[in-house]
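Note that the chains are named A, B, C and D in the order they appear, and that numbering of residues resets to 1 at the start of each chain.
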Amino acid sequence: MSLEYTSAEMMTVTAARALENGTTCFVGIGLPSEAANLARLTHAPDVVLIYESGTLQTKPDVLPLSIGDGELCETALTTVSVPEMFRYWLQGGKIDVGFLGTAQIDRYCNLNTTLIGDYTAPKVRLPGGGGAPEIATNAGEVFITLKHSRRTFVDGVDFVTTLGFGRDGKGRDGVPNIGKGPTRVITDLCVMKPDPETKELVVVSLHPGVTAEQVQEATGWEIRFAEQLETTAEPSEKELEVLRELKARTERHHSGE
Amino acid sequence: MAEVLSLHDAVARYVDDGATVAMEGFTHLIPFAAGHEIIRQGKRDLTLVRMTPDLIYDQLIGAGCVKKLIFSWGGNPGVGSLHRLRDAVEKGWPHKVEILEHSHAAMACAYEAGAAGLPLAVLRGYIGSDLPKVNDQIKFIECPFTGERLAAVPSIRPDVSVVHAQKADRKGNVLVEGIVGVQKEAVLAARRSIVTVEEIVDDLEATPNACVIPGWAIDAIAVAEKGAYPSYAHGYYPRHNRFYKEWDTIARDRDSFNAWLEENVYNAGGAS
Amino acid sequence: MAEVLSLHDAVARYVDDGATVAMEGFTHLIPFAAGHEIIRQGKRDLTLVRMTPDLIYDQLIGAGCVKKLIFSWGGNPGVGSLHRLRDAVEKGWPHKVEILEHSHAAMACAYEAGAAGLPLAVLRGYIGSDLPKVNDQIKFIECPFTGERLAAVPSIRPDVSVVHAQKADRKGNVLVEGIVGVQKEAVLAARRSIVTVEEIVDDLEATPNACVIPGWAIDAIAVAEKGAYPSYAHGYYPRHNRFYKEWDTIARDRDSFNAWLEENVYNAGGAS
Amino acid sequence: MSLEYTSAEMMTVTAARALENGTTCFVGIGLPSEAANLARLTHAPDVVLIYESGTLQTKPDVLPLSIGDGELCETALTTVSVPEMFRYWLQGGKIDVGFLGTAQIDRYCNLNTTLIGDYTAPKVRLPGGGGAPEIATNAGEVFITLKHSRRTFVDGVDFVTTLGFGRDGKGRDGVPNIGKGPTRVITDLCVMKPDPETKELVVVSLHPGVTAEQVQEATGWEIRFAEQLETTAEPSEKELEVLRELKARTERHHSGE
C-alpha cells in the first residue's frame, strides 16, 4: 500500500520523527515549528516545545504565524521574559535540541540568514540572526530542516550567521561549553548527517522515489553519499492525517481576523 | 512619577529628533499607536532599537523617521521580508538607513544589562558567527576564573523607551501580562519612558509576582485603546494575522505604502 | 524529569558527603524539613551555600554536617547572632567551619549567573569594601567599552540545590509564590535539585507569568507538609516569629542545643 | 508644653523626618525599618519602601521581624526575585535613599557589620555585609541610624564592610557611577553630617537636653561640632502616638505564633 503525499509532507514527517519523546526542543518558526508540533501530536506527546518568545512547554492547537502568537502563551506551562529565556533556559543548558530553518546552508552546516551578496551592499537583505547563533551553540544538538535547492545548498554561504562547523569543519574543535552542533539536516529530498570526522554533510537516506542525481542536482557542491544509503520510511496514514488537520486548522485560524 | 498624558503630548514631550528610541514588545503588545504618533509628528533622525523590527519599524523607516536601526531579526514574522526596511538598506529609499545587527541573545542580555545599570552584558554568544566582523560593538573578554572567552556587548540605554501594556492603575503602576518580552527591561534601561495602555483601572488585580512596573519608574502613561493592533494584547484582542500577510503586498510597493500611510496614519488623527 | 520520592530517599540519593549544597529561601520557604533530614542522615563535610544562613544552617553547623559556609549575611533576622555559627567560627565547636563571605548583591548575581550557565557574574559592587581582601574569589575586570572597573565573582553551581515551594502538580511542575528569593536560580544553577512541597495537586492554577519551575528541570519532588516551619509558606502558614526569638536561648548553649536537636530532629522521625 | 519621650523615640522620629515624601527608599531591617515606616505613616504617605527580599513598594501594618516577613509581600505592589531586586532596582539606579544601621561606624562613615577583632580569629563574629556594601554605593544617598556609644562610634572600624568615604575620606573620589554616600547619621543623641570637603562627620544638631559633652563621651574619636549647632525639634504628639501604636501592634503580632 502506498499513500499519496507531497515532498513537503515527506520532509515535515521525517523532521518530526527526529524528535524523541521527552526531549526539550527550542523551536524555530516555520518548518521546524510544523515538524515539532507534528511530533508532539503523534509519537512524542511529552516533547517540551520552547519558543524564544518566552513560552515554556507550549502546546499550540494551531501553528503560530509568529514566534509569539497568543496561542503559544495560552497553552504554555509558563511564560518567562525574553532575557530569562535566552539566559536561564538556552544558555543555562536546559535545551536538548535546537530546531532551525535557514536561507542558505553549506557543506559544513554553516547557516546564513543575514544576506545574499556583500554585507555593505547586499543583493538581498534577509531578516538576520534572531535566536539562531546562540541556539546553534548552546543547545545540546541541532536539527536543520529546509527545502533542497541550489539556492539554499550553496558552496560556501555568503555570510556565517550561525555556526555549523565553520568554513573548515573545525569551528567547534576545542571550544569549551559548546553543543554538538548540527546532527542532521532534513530536506524534501533526503536526510543528511555530518561525517563524524570531517563534519562534511553526507546523504544518509533518500526519500522514496528520490534519486542520488536529483539530490546532487539540487546541491551547490559535490555532495557525498553514505555507502549504506537508506530509503527514508514513508509517512504513515496517521502522520499524514494529523499533519493535514493541523495545517487546515492553522489555515482557517490565520485567514480569520 | 508617571504622569497621564495624551499620546500626542507624551510623544511630543519625550521623543526628540535624533533620539535613541526603543519600542519593544516581542510579537505581543507592540506599541503601534505610539509608532503612528511618532510618524504623524514627523520625528526625524531617530536611532531605533528593537529585537524584532516588525511592521512598526517598517512603517517608521518608510515614513522617513529613521537614521539608524539596531536589531536582531528584521522580518515580517511567518510572512517574509520587511520591504520598507529592505528598500532603505538596499536602495536607500526614502534615504539610507544605517544598521547595527546583533543576535537575539545579545540584545536580550543588553537590555537586561541596561536595566541593571551595567555598561556591558556578558554572554556565551557569537561563537563562530560572522556578526562580530560587521558589528564593531561586539567584543570578547576572558573570564578571570576559568579563562573562557565570552562575548561582551554594550548595554542598551535608550533615551526613551516606548511600550504598550494591558492596564495601568491611577497611580501609574502598569501590569504587563502574557508574553512580556523585554518590555520591563526596556523601560528600566531608558532615561525616559512612555507606556501606552488599553485602559486605566482602579485596581490592577495583580498576583504577588506579576510583572508590574511601578509608576515611579515610568515618565508618561497614555491611554491607547487597541494600541497594539495589528499586534495583540493578551486578554483584550487577538493578533490580526491576516493584516500581517496583507502588509506584504502593501509594503512591497512605494506608492501603495505611501497611500496606506496617508490613509491610516496621517489622516487617522490619532489620540490627541 | 522530576521523580516523586520520600524526603528520606531524595536526601539519601542526591546529597552526598562532601557535596556543595545550596538550600535557599530568602526568609520565606526555607527548607527546614530537608535540613533536618540531612542532619538525621548524618551527612558530613558539606560545603553549604546560602545568602542568609538563618536557623537552618545554624542547626546543620551545630550538628556537625558542615565543613565550609559560603554566605552573605549570617544572623538570626531581627533577633541577633547565630550562636552555633559563631561557636564554630570563634571556638571551633563541634569543629572549625571555614567561611567564604560575599555581599547579597554578589551572591544574588552569582546564582543568576549560575542559572544562566555562565562562569562568572559581573556587578558594580564591593567598591571600597574590605571583603575582597578576605575573599580571594572576588576579582575586578575592566569594561571593554567604558573602562569602568567592575567586580566579578564566580557563578554558583552547587552539586545539589534544595528548596521548598507551595505545590507541585503530578508532572512535577512546581509553583513558587510570594517572596521567591533566589530559589528558581538555585535550582537551575545546580547539577541536581530537590524540591520539597506542601502538597501535590492536580492543577497548579498558575497565572501566565507565575514563577513555575518545570518538572523536567528538577530531579526530585518530596512532599513535606509544613516543610518550611518555623519559616513560612505564603498562603499556607505564617512565620513562627516567636520560635525565632526562642532559638536565641536554645542555641546559645551547647547542651540546650544538643537537647533540642535530640528531641526535635533525631527523635522526630521525619518523612520516610 | 513638653511631651515625655525616650531617647530611642527621639532617634526614630528624627530618622523618620529625614525621609521626604515620594522618595524611593531601600530599607534595612531594625531601626531603619522602624523609621521608614513611621515616615510612611506620618508625613510621607507616598514614600516607596523597598526591602531586599524583593518586595517593592510595601506598606506593612506591623514592623517585620525579618527582611522577608509575609507582611511585606502581602502589602507590596509586587514582589520580584532577589537577583532582580539587586540588579534592576538597586544597581539600576532606582533607589533615592539607602537606609542602613550598623554595628560600628567611624569618622568617615565607614560601616562594620562583619566582626570585632581580626578576620581570621574574630573576637565577635557579626552577621556580615548582607545588602549594605552595594546599597551604600548604588543608592543616590545613604542615611544611617544607630545608638550612640563608644562601642559603635569607633576611631577606625575593625573592618570596612561598607564604604562610607574610606579610611581617608577620599574613597568615593573619582569613582564613576557611585552615589553621594552617607549624607546624615542619626543617633539617640544627635544628628551628624559629613563635612562637605573632608567628609569627616560633624554634629549639626543635638537632641533636646543632650550636651556636646555627652556626645563626645559616647564617641570614640574627637568629634567636631558645627559652628551653628542646632537643637533637634522634639517629636510631635502625633508622631509619638503613631510610633507607639506601631510598636504595640508589632509586639502583639510577633509574640503570637
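Going forward, a contact is a pair of C-beta atoms (placed from the backbone, for glycine too) under 8 Å apart; a residue touches a chain by one contact, two chains touch by 3 or more.
Because the structure is predicted, anything quoted here is derived from the model rather than measured.
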Other chains in touch with both subunit C and subunit D: B
Selected interface, B-D versus A-B, where C-beta contact pairs are more numerous: A-B
For subunit A paired with subunit B, centre-to-centre distance based on mean C-alpha positions, whole Å: 28
Geometric centre distance via CA averages, subunit C-subunit A, whole Å: 40
Inter-centroid spacing, subunit D versus subunit A (mean Cα positions, whole Å): 57
In subunit D, residues with contacts to at least two other chains: 73-74, 79-80, 87, 91, 138, 177
For subunit C, residues contacting two or more additional chains: 112, 117-118, 123-124, 146, 148, 178, 180, 184-185, 208-211, 234
Interchain contacts, given as pairs of chains that touch: A-B, A-C, B-C, B-D, C-D
Contact set on subunit D toward subunit B in their complex: 22, 24, 48, 56-57, 73-74, 76-80, 87-88, 91-94, 138, 177
Interfacial residue positions of subunit B with respect to subunit C in the complex: 117-120, 122-124, 137, 139, 141, 143-146, 148, 150, 152, 154, 177-178, 180, 207-211, 234
Interface residues, subunit B side, partner subunit A - complex: 26-28, 51-52, 71-75, 77-79, 81-82, 85-86, 89-90, 101-106, 108-109, 111-112, 123-131, 134, 146, 148, 178-182, 184-185, 211, 232, 234, 238-242, 244-245
In the complex with subunit A, residue positions of subunit C that touch it: 1, 112, 115-118, 173, 184-185, 188-189, 206, 208-212, 214, 216-217
In the complex with subunit B, residue positions of subunit A that touch it: 29-30, 52-55, 64-70, 72-74, 79-83, 85-87, 90-91, 110, 114, 119, 122-134, 137-138, 159-163, 166, 171-172, 175-178, 253-257
